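Chain naming follows the written order as A, B, C and D, and within any one chain the residues start at number 1.
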Amino acid sequence: MANEANESFDLDKLQQLVEMMEKHDLREVKLSKGGQKWILRRGPQEVVQVPAAMNMMPPAAMPAAPAQAPAAPAAEAAEAPAADAGTIEIVSPTVGTFYSSPQPGDPPFVKVGDTVRADTVVCIVEAMKVFNQIPAEVSGTISKVLVNDGDPVEFGQALFLVKPE
Amino acid sequence: MFQRILIANRGEIALRIIRACKELGIETVAVFSEADRGAHYLELADEAYCIGPASASESYLKIDRIISAAEIGNVQAIHPGYGFLAENAHFAEVCRDSQIEFIGPSHEAMATLGDKVAARKIAQEAKVPVVPGSQGLVTSEEEALKVAAEIGYPLLIKATAGGGGKGIRPAMNEITLRAELKAASAEAEKAFKNPGVYLERYIQKPRHVEVQILADQHGNAVHLWERDCTMQRKHQKLVEEAPAPSLPQSVREDICKAAVRLVQTANYSNAGTCEFLVDEDNQFYFIEVNARIQVEHPVTEMVTGTDLIKEQIRIAAGEKLRLTQRSIPCNGCAMEIRINAEDPENDFRGCPGAITKLRLPGGPGVRFDSHVYEGYRISPYYDSMIGKLIVHRESRAEAIACALRALDEMVVEGVKTTIPLAKRILEHSTFTEARGDTGFVERTW
Amino acid sequence: MFQRILIANRGEIALRIIRACKELGIETVAVFSEADRGAHYLELADEAYCIGPASASESYLKIDRIISAAEIGNVQAIHPGYGFLAENAHFAEVCRDSQIEFIGPSHEAMATLGDKVAARKIAQEAKVPVVPGSQGLVTSEEEALKVAAEIGYPLLIKATAGGGGKGIRPAMNEITLRAELKAASAEAEKAFKNPGVYLERYIQKPRHVEVQILADQHGNAVHLWERDCTMQRKHQKLVEEAPAPSLPQSVREDICKAAVRLVQTANYSNAGTCEFLVDEDNQFYFIEVNARIQVEHPVTEMVTGTDLIKEQIRIAAGEKLRLTQRSIPCNGCAMEIRINAEDPENDFRGCPGAITKLRLPGGPGVRFDSHVYEGYRISPYYDSMIGKLIVHRESRAEAIACALRALDEMVVEGVKTTIPLAKRILEHSTFTEARGDTGFVERTW
Amino acid sequence: MANEANESFDLDKLQQLVEMMEKHDLREVKLSKGGQKWILRRGPQEVVQVPAAMNMMPPAAMPAAPAQAPAAPAAEAAEAPAADAGTIEIVSPTVGTFYSSPQPGDPPFVKVGDTVRADTVVCIVEAMKVFNQIPAEVSGTISKVLVNDGDPVEFGQALFLVKPE
């Protein structure tokens, strides 16, 4: 987190950018800088997406902890370094309960050392009785499982570390 | 009573609800978007879950994510605050289907009162005056002229599909009515794909007066007196106060009783507000019910000595009202001044950015409700309100003096705010002498 | 009414008086030492004059400089606040000799009540119970034993020249009395160059209860109910509340009436406080009168809905009391928590330094009186109080819960504060069950 | 004032010093650094004197203005630059009314260009009907009169500028 603080000038950049967009009523801005990419859109259903960075989001802290994290708009996450150099995180697309296997007692979808492709199902996140199968969205080798079966997970929380091919 | 509540909101009102829960010994689960990550008020909740990106449609408006946060948070109830999902009957229903109490009215009552025509019917049923107008749409010129003759001129031709001030044309007399009717209908067809129009009396120079009510699930309802919210700009309230100045005592009592009749007729429970227009002859006309807690609720809390959020929670938990109508006082005068990060020089556009310096007002008679602090970054995604200054003094004159000295004490740097406008309003003779109408601020500044 | 007032004080109480004056439309002249130059509250005064270096003896206690500041500032009255010159009868007299009204009692009443023996006489004259003891000094052992037999054991042998807890010896029975008497006298001779000692009953496990009074210059006096200040450490109050818990209603009324009798007998005017000790049998004994506004006055303001500073000014301006005894309520429960920049780990030594981060509590039921802000530098020259948290809720339990959640919201970095101790007190069953005595805090922490 | 803000680390030094004195119960500390001198004493009648600097105190701002000055203990004034290089200020020892001459209509005690010695009376400051004759306390030439006859003056406010011999 420390180096984020140092790099906080990027937040200001984003701020400026958003204000500039508002001022001149821009609908869309795309920026790419080094490894990261920003796409900002304004209007009816304004969203901030950080595709390149999404998989690099830091583990969303658990109860109470999030508070310690610095205030920052979504794109700021792009700054966050991967928890483990050379690995990519598979993050939860929603808030819910994490299940590592299809059924209680079954073997887990994946374990450390398994190779996964973009469409490989790595776990289930249950939200409102709906069991969402989560694909890896990246190909490589599972190097770490970050949560336990039955854990509650937040939106954007890292579930697995993958060493890409 | 609940042991654990989820707060499906952000900012000032989320903090307000956390405060009430802490005083009641109830645990809180907060939810937040990535834009609000790290906000100080989240530290005050017992748990906090990220539910999505900055965009409200992907977080604070995302019903399934909020419900599943409630499930993993293991709460018994959800407080929606105001805005976002607060008046979404579907959300209320989903909550209850998931065995989670929604802290607000029944979704049936919410749905009914959310419908203009249905709400108007209920009001008439409850013998609450509504703005005179045509029963439903006017289809022919003859009908229009006949109705017009009954309700009298000047009147407004309103597109049934319109709203937010759009699709409205005034008609001062028969001639203009004839001329405007077709034009209005054609315009409506073009703008809203619906030619339907209806007629309504044009209330001139109205004041906005609303009545706070509380109703339990056992058929008991009381009013907590009224608030005057006449100081507004583009339908955005700037200064609210209680009691309503320049309203005869008999009218105050009538309008408050009318509000109670209305919510009882609608089988309404929990906290709510009945909004009225009051014309120059002190005739009042029902407009709508806000089926939620309102931004300006502290004004009523100060003069009645109640905590409306706590009462909402108690009612949702099934408790009977602790208040009887006779036990509810209206002491002194309270005012709320909304402080928004907006640029008055630039048509009040929002001013997102970091608050580089902040000094808050204090001392006797001053309450300040806000989630911001020095270093807080106002995100561009949500509303621009950064705080509410509430003052409570013996008299209206002292309340105004107290509000002005408190605004003098305030320092906000880094963003532009509406503080200068607030001072101009508070110092203007039209306000101090309570001669304003809802158009005053726009006409004057 | 005055047009212009000089405030002969600093910090929190100076700001408090500025706020009252602004609400009354009275201009203010502030004075400051070089240590306070640039403090934010000085910006809120209409004028501010530097009157000397940091040392209080060269500035805030320097009568001639304050009077000449009042003269060049062209004021009609001086508010002394508390501490410094507030109870200096000579200063009050000099002000009036200079045709400047001193906002406080007459210097005669102040002088009389400032004298222990004289004040005790007035109390007895007013039929207000005092701590049983010898009439004046005891000169011989026989006399001591005779008096002791009347007032009963245990008792205290007190050096007449002593004070602040010094020169006091307990005697549990005749034997110890005999033994201690000579020793005490010798010790007094040595310590205070005055061998005089007197006897007083030893009140065990007392509570500290004080009554707020207001008296005008036309002979009218009222009480504004009592405050309990039992939570103290080395005679420094930490938490004050109203009403006094665990005091039977009949005793409350008796003690309040006694205070009114006392100030009327003393021809006292303006605001004042009568301090009492209350023993385990709810017998109360007069100790002294504080002839000034007190730090803890906001507690009374909250439950009675008055503004004591404004009342002080009105009374000094010659107005009749606006309040009648029957019109003064005591609503709900109010508490004040003093927040001092002190290091509890280090025997509560003052912690001067810069406040590097500050987040204030807010929301319903919370009032915060303070002159400090982020970046404020606490000077080592004056007292260590940086703020007063005042809460006001329906019940005592809610007030405690509100105070705790407000303290949770507070963030003070850069200096150590008494916030942790305050939390421990508020959470301790002895406090929540109101079983404490004035020795509780020192015995417990 | 701007450069004081930059030099605020010196304030911290003073702060440390005062705390150090408290901690170790020092009665007196003398420091000299460059042109300035600090003397700090603690105990019964604790005072902070800044002899070398006293005459260099900036004019105490008039009504409202003092507020703009930064909060700082007395010794901080030592940092303040002289209003005019090479000149020394004669400051008011009290708060009161400034009179430039013994009697209304009389010629002033001193005017620009006059030479003064330490004991030369340069003006009267009236406080509580007492007319205090103010000596120059420095020898040199009056280069500027900073206040007008009848002006209210604060403690420490500069009255004259003197070019020392």
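Some notes on this structure:
In this text, a residue touches a chain if its C-beta (ideal position, glycine included) is under 8 Å from a C-beta of that chain, and two chains touch if they have at least 3 such contacts.
Predicted model, so just to flag it, every value in this text is computed and none were measured.
Counting hops only between chains that touch, chain A reaches chain C in a minimum of 2.
Averaged C-alpha coordinates put the centre of chain B at 44 Å from the centre of chain C. Taking each chain's centre as the average of its CA atoms, chain B and chain D sit 58 Å apart. Separating the centre of chain A from that of chain D, both taken as means of CA atoms, is a distance of 62 Å.
Separating the CA-averaged centres of chain C and chain D is a span of 36 Å. Chain contacts: chain D has no residue touching two or more partner chains. In chain C, the residues that touch at least two other chains are 40. Under the stated contact rule, the graph of chain-to-chain touches is a line, running from one end chain to the other without closing.
Per the contact rule defined earlier, chains pair up in contact as A-B, B-C, C-D.
If you check the complex, the residues on chain D that touch chain C are 11-12, 15, 18-19, 22, 45-49, 60, 63-64, 66-74, 77, 94-97, 126-128, 130, 152-157. Considering their complex, residues 15-16, 19-20, 22-25, 40, 44, 298, 301, 305, 307, 331-332, 358-360, 362-370, 373-374, 393-394, 398, 401-402, 404-405, 408-409 of chain C touch chain B. Those residues of chain B lying in contact with chain A across their complex are 31-40, 42-43, 45-55, 57-59, 64-65, 67-69, 71-73, 98, 349-350, 352-354, 376-377, 379-381.
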